[in-house]
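Two complexes, one shared chain (chain A), two partners (chain B, chain C).
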Partner chain A sequence: MEADLKAGFKDKTNKMLGYHPEDAKLSKSYIAVAFMALLVGGFLGLIQGLNRAGLLELPTWFNYYQVLTAHGLLLILVLTAFFTIGYFYAALSHNLGGILPKVRRLAWTGFYVKLVGFVLAVIPILMNEASVMYTFYPPMAAHPVFYIGLALIVVGVWLCCIGAFIQVANWRKNHKGQHVPILSYFATGVFVLLFFALMFVAVEVLFMIIPWVFGWVDTINVMVARTLFWAFGHTLVNIWYLTAVSAWYVVVPKIIGGKRWSDLLTRVVVIALVIMNITGGFHHQIIDPGINAVVKFMHVFMSLAIGFPSLMTAFALFAVFERTARRKGGKGLIGWWKKMPWGDVRFLAPFIAMLSFIPAGAGGIAQSTNQLDQVVHNTMWIVGHFHLTLGMSVVMTFFGISYWLVPFISNRVLTPQINRLGVIQTWIWTVGMIFMAGAMHYVGLLGSPRRTSYTTYGDHATALGWDPYLMCLAVGGTLLIIGVILQVYAVFNLMFFAPKGETEFPIAEEEDNATKTPYITERWGIWIVVMIIVVAMAYVIPLTEFIVNAPPGSPPFKTW
Partner chain B sequence: MKMHLDEKIWLTISFGIIMGFMLITGYQAFALEMGPPSNMETIDPQKVDQTAPYDNPGVKKMGDNEYEVVMTLQAFGFNPNNIEIPAGAKVTFIMTSKDVVHGFEVAGTNINAMVMPGHIQKITQTFDKPGNYLVICNEYCGAGHQLMSTTITVK
Partner chain C sequence: MNQSFYGLLLWIFLVAPPVANFMESVMVIHMHMQMPMLVISGMLMARFFQKRFSGFFEKWNSNGVPGITLFVVIMIYWMLPRTMDEALTTPLVEGFKFISLPFLAGFSLRDSWKKLNPFGKNSIIVSFTVLFLGLGWLYIWSPVQLCNNYLVIQQVTLGWGFLTTAIGMVVYLGYNFFIDPSAYE
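Showing the complex of A and B:
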């Protein structure tokens, strides 16, 4: 009787906190896989950095390009997809009164389909049958099993997208005329974007690469495959970014004791990023042949357009800091500085992440501009750019999220010790990234290429001049692996060993006098149509050109 | 939407920055003809060796201080290798790939182009400063990618 009462009471408090044990288990599994991928992928990154600086020779049975392929796959596909899904499913569960049983089943099926796909993709990499990198590079052809594995990962992610759509649609049916809670709104945007972006890579893999590697067709249209890849590839990295942004808008204000910035502006930013994102991938092809200068110029605009919502975000976030600080008595132009909880890792990590987005975003604007891109295209600069954007802006935000999300889904609490560990981890990561990404940017400007193992090009003076920077890169990489180990320790400690207790899911309230958000922001049907029109504007002309004026295709090559 | 004045100013500046990038890029690309390499010709990637002029790659003098370099790229080399040209010459590189995707980058200059199988790529540069320039493939092309380099000597 007493036990029953106790259980009933626990159930009630859980419901009040928006905690649903079965959904928590789902998110926990996703997050655990994400951080295991971080650990392994991080080590592979270190090996690469040391090799690139000439400090470590790799054996022939596990060469630089195998390491690079696995590093990319683990961090760009596994870490991102699993963290994003784990985080947003926790948000959906918390916001929308628990995940529906059928949706939970979909997400679990997706989980296992992705794991099987991942194992299938990794085996050929380890056997050196798939050193084609995460970008595939047709007409290089990997072992067919590699592509089948990738296709399964796509299917797995799709199942999770569909699950999220069902969940949101069900809530809306029961809450007519209401706005979807803000984090679930971000989740909707992210899953819409994932769903459509994956279509491009699915077409590439299923209809072009798989028939070709099995020998059912002799040749492949290289430019079409490449274009489809980047329509997906760049969107994927922006999906992480949108995930991180959701925490900046919604979670960080709560942690510092403030209110959310304009709900309408937030939703407009989500819509803008969804509509304009897919077309941004084309700037990866600024110096490709077969696309004329006018089309490229149009695409400069389409890539740069993404910068606009990001600049809106920058304003909104600092405005929140200022308002909060003033409420707490902060004075002067940067009075907010003194009023922020610097010792709280849940704030510190995402804050440094936001700061790093200032140089990272500026680099992005440079790269999507014709002539500037030509200077840095395919050099280490690019690698520096995405370690700054993804490794710092996004991943550090994910780290910050983990310090409350993992305790929340594990029914535990963040202890002062782990918080302190997190603060130390944040600084190590920051210094490591400044060293590594900084050196990469600079040596890239000098011409050092990306995706190249240790070489001095026959001791050419130009290449020898790059060495000190590459050494700097290795130092940064070494600091980062220490950061990875601390972070993974913190996550698993919070998941299994931290003291039991209740943790809040931090969601900031709106300002008291906030303007009412118009209902049109909820009309995803309209926004998806707009997105399709924008995508069509961007891709119909070049794809038609590639297909109509196609050169004879290329047979498969194995050059490794 | 009710908007703070500071926010309006910020958004105007943001929009201005992006438009500025657009205008400068457009001016450079179209008025100054500094557009990125975007040649439109195609070729059968399996018959490069049988197609003129790619059957006979090399440096060709086109006029007073004007050169053309017909070049084929394949894993893991450039043909012709170790090019020599006089200082101040305007050089147009005309390139295609015989196998996979390669990059063509001359370190320390703005020459940077993708070379795709099936497509012919062109890029022009005037080399004013004498020296020994390092040419590398900057797009991963296989196990020997780090060895794929050559030089341009400007005298």
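Showing the complex of A and C:
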């Protein structure tokens, strides 16, 4: 009897908090995999950084390029994908009254398909048969099993996308005329982008790379393959970014005790990022041969267009900060900064992440300009830029999210000790990234190449001049691994050892006098059609050119 | 500052010789960017005239059918390879393009679309889908150069532009067919 009452009470609190134990288990599994990937990938990153600085000689059976490939795969594909899916499924579950059983089954199937795919991809890397660095980047060719593994990861992610669509459609049927709750709206945008971006890479892998690496065809059209790869690759980067942005818009205002800025603006930003993202892929090929100047010129516009919603985001967020701080009694032009909760890791980490997006975004704009990119393209600058955007803006936001999401899905609470640990971790990570990404940017300007293990080019004076910066890079990398260890410790502590209790899923409310959002924002059918047409505008001209006036095809190359 | 003014600005921008020359230098940009943007500029400007001459539109386009017919005629005229060629070689025809697309096609589309019933709207989209598929097929697999001013490769590119746009419209039609908005709204 007492047990029954207790159970009934527990169910009720769970319901009040929007907590669904079975969905929480799903999200917990995804997040656990993500942070295990961070741990392993982080160590590989350290090894790489130490080697690059000339401090560590790697054995022949585990060389720099293997480490690079595994580091990239773990952090770019596993960490981000698993975190994004775990986070958004938690949001869908919380917002939409629990995940439907069939959707949960899809997500679990996706989980295992991805894990199998991942194991298949790792085996050839360990055997030094797949040190291709860029996963799908002909003419470098890996062992066929590597691509089959990656294709399975794609299928797994697709299953999660379809699950999310079913979930949202079902909710909308039962809630006529209502707007999808904002975090689920972000989830919809992210899954739409994932679904379509993966199509490009699926075409590349299934119809081009697999026949080529198995030897069924002799050559591959490199330009087409790379273009398809970047249509996916660039979008993937922006998917992580959109995931981080969702927390900035929705979660951070709640944590600082404020309200959400314009609901309409938020939804417009999501739509704009969905429509314009895939077309941005081309700026990654800005110094590739075989693309004429007119097309490159057109793509400057297409790439810079993506900057526009980011600027809207910056405006909205700082407006929220200022309003909230002033409401709490902050005064003066900058005095209100004192009113922000600097000691709360759930705010501090995403806030520093946002700040870092200012130089990161500016660097991105520089790189989408042909002449400027000529200077930095194949240098460490790009690596620095990537670490600043992904490693800082995105991953730090993910860290910040983990301090409330992990307790929420584990039915535990964030203790002051772990919060303090998180603040320390945030600062270590920040300093580490400033050292590492800063040194990478600078040494890139001096000409140090990327994708290369340590070399002095026969003690050439220029190459020797890079050494101090590379040492800075190693120092940063060492700090970062401390950050990784602290972070992984915090996550697993919150998951399994922190005191039991209820944690809130922080979703900020709209401003009191908010204007009503027009229903057109819910018409995903229209936005997807617009997206397809915009993608056609970007890709029809160059792809037709590459196919009709194809360069000679390339056989597979193994450069390592 | 209203939408008609923005429409006028867009139209002036599109007509400006450097912009027009650039857009006309690539076949697919000429047909799939400049021409639709001219129509859009007209649609934006139409608001001003709709307010000013509401009686005129009410009298001549009360159910939307005359307007949409004019729109279709103008659009089909500009889809003939010959007309696009002439717009490049004969200034008078180019002038007609800059006038007809916004002020005849754009105006009438804006005024007619809301007046049409769902069947009428879908019929228009279906016809344009079929037309685009046909033109895509023509431009991609035509054994000869259809426009004197453009290379065959540009023609093929335009063909793929037509096909992908048609795919976009098919997706939209499918969405309209399978999804009943009233179940959600």
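By definition in this document, the second predicted complex is superposed on the first by the 559 of 560 C-alpha atoms of A that agree within 3 Å, B and C clash if a C-alpha of one lies under 4 Å from a C-alpha of the other, contacts with A are read in each partner's own complex, and residues count from 1 in each chain.
Operating definition for what follows: a contact is a pair of C-beta atoms (placed from the backbone, for glycine too) under 8 Å apart; a residue touches a chain by one contact, two chains touch by 3 or more.
Only a predicted model underlies this, so the values are computations on that prediction, with no experimental measurement involved.
In the three-chain model built by superposing on chain A, chain B and chain C fit together without any clash.
More residues of chain A are touched by B (comparison of chain B with chain C). In the superposition on chain A, A:460 contacts chain B only, with no contact to chain C. When the two structures are aligned on the shared chain, A:293 is found in touch with chain B, with no touch to chain C. Once chain A of one complex is fitted onto chain A of the other, the partner contacts of A:560 are limited to chain B, with no touch recorded for chain C.
Of the two partner chains, chain B and chain C are each touched by A:549.
Once chain A of one complex is fitted onto chain A of the other, the partner contacts of A:529 are limited to chain C, with no touch recorded for chain B.
When both complexes are overlaid on chain A, the residue A:304 reaches chain B alone and has no touch with chain C. Using the contact criterion defined above for the overlaid structures, shared-chain residue A:333 touches neither chain B nor chain C, since it reaches no partner.
Using C-alpha centres, the superposed arrangement gives chain A a vertex angle toward chain B and chain C of 70 degrees, stated as a multiple of 10. When the two structures are aligned on the shared chain, A:519 is found in touch with chain C, with no touch to chain B. After superposing the two complexes on their shared chain, the closest approach between C-alpha atoms of chain B and chain C is 12 Å.
When the two complexes are superposed on chain A, the residues of chain A that touch both chain B and chain C are 549. For chain C in complex with chain A, the residues that touch the partner chain are 25-26, 28-29, 32-33, 153, 156-157, 160-161, 164-165, 167-169, 171-172, 175-176, 179, 181, 183-185.
On chain A, the positions that touch chain B within their shared complex are 63-65, 131, 133, 137, 139-140, 222-223, 226, 262, 264-265, 285-293, 296-297, 300-301, 304-305, 307-308, 311-312, 315, 319, 365, 369-371, 373-375, 377-379, 446-455, 457-458, 460-463, 515, 549-555, 557, 559-560. Against chain C, in their complex, chain A makes its touches with residues 172-173, 176-177, 294, 519, 522-523, 525-526, 528-529, 532-533, 535-537, 540-541, 543-545, 548-549. Remark: chain B residues 1-2, 4, 6-7, 10-11, 14-15, 17-18, 21-22, 24-26, 28-30, 34-40, 42-46, 75-76, 99-101, 103, 105, 107-108, 110, 112-122, 132-134, 136-147, 149, 151 touch chain A in the complex.
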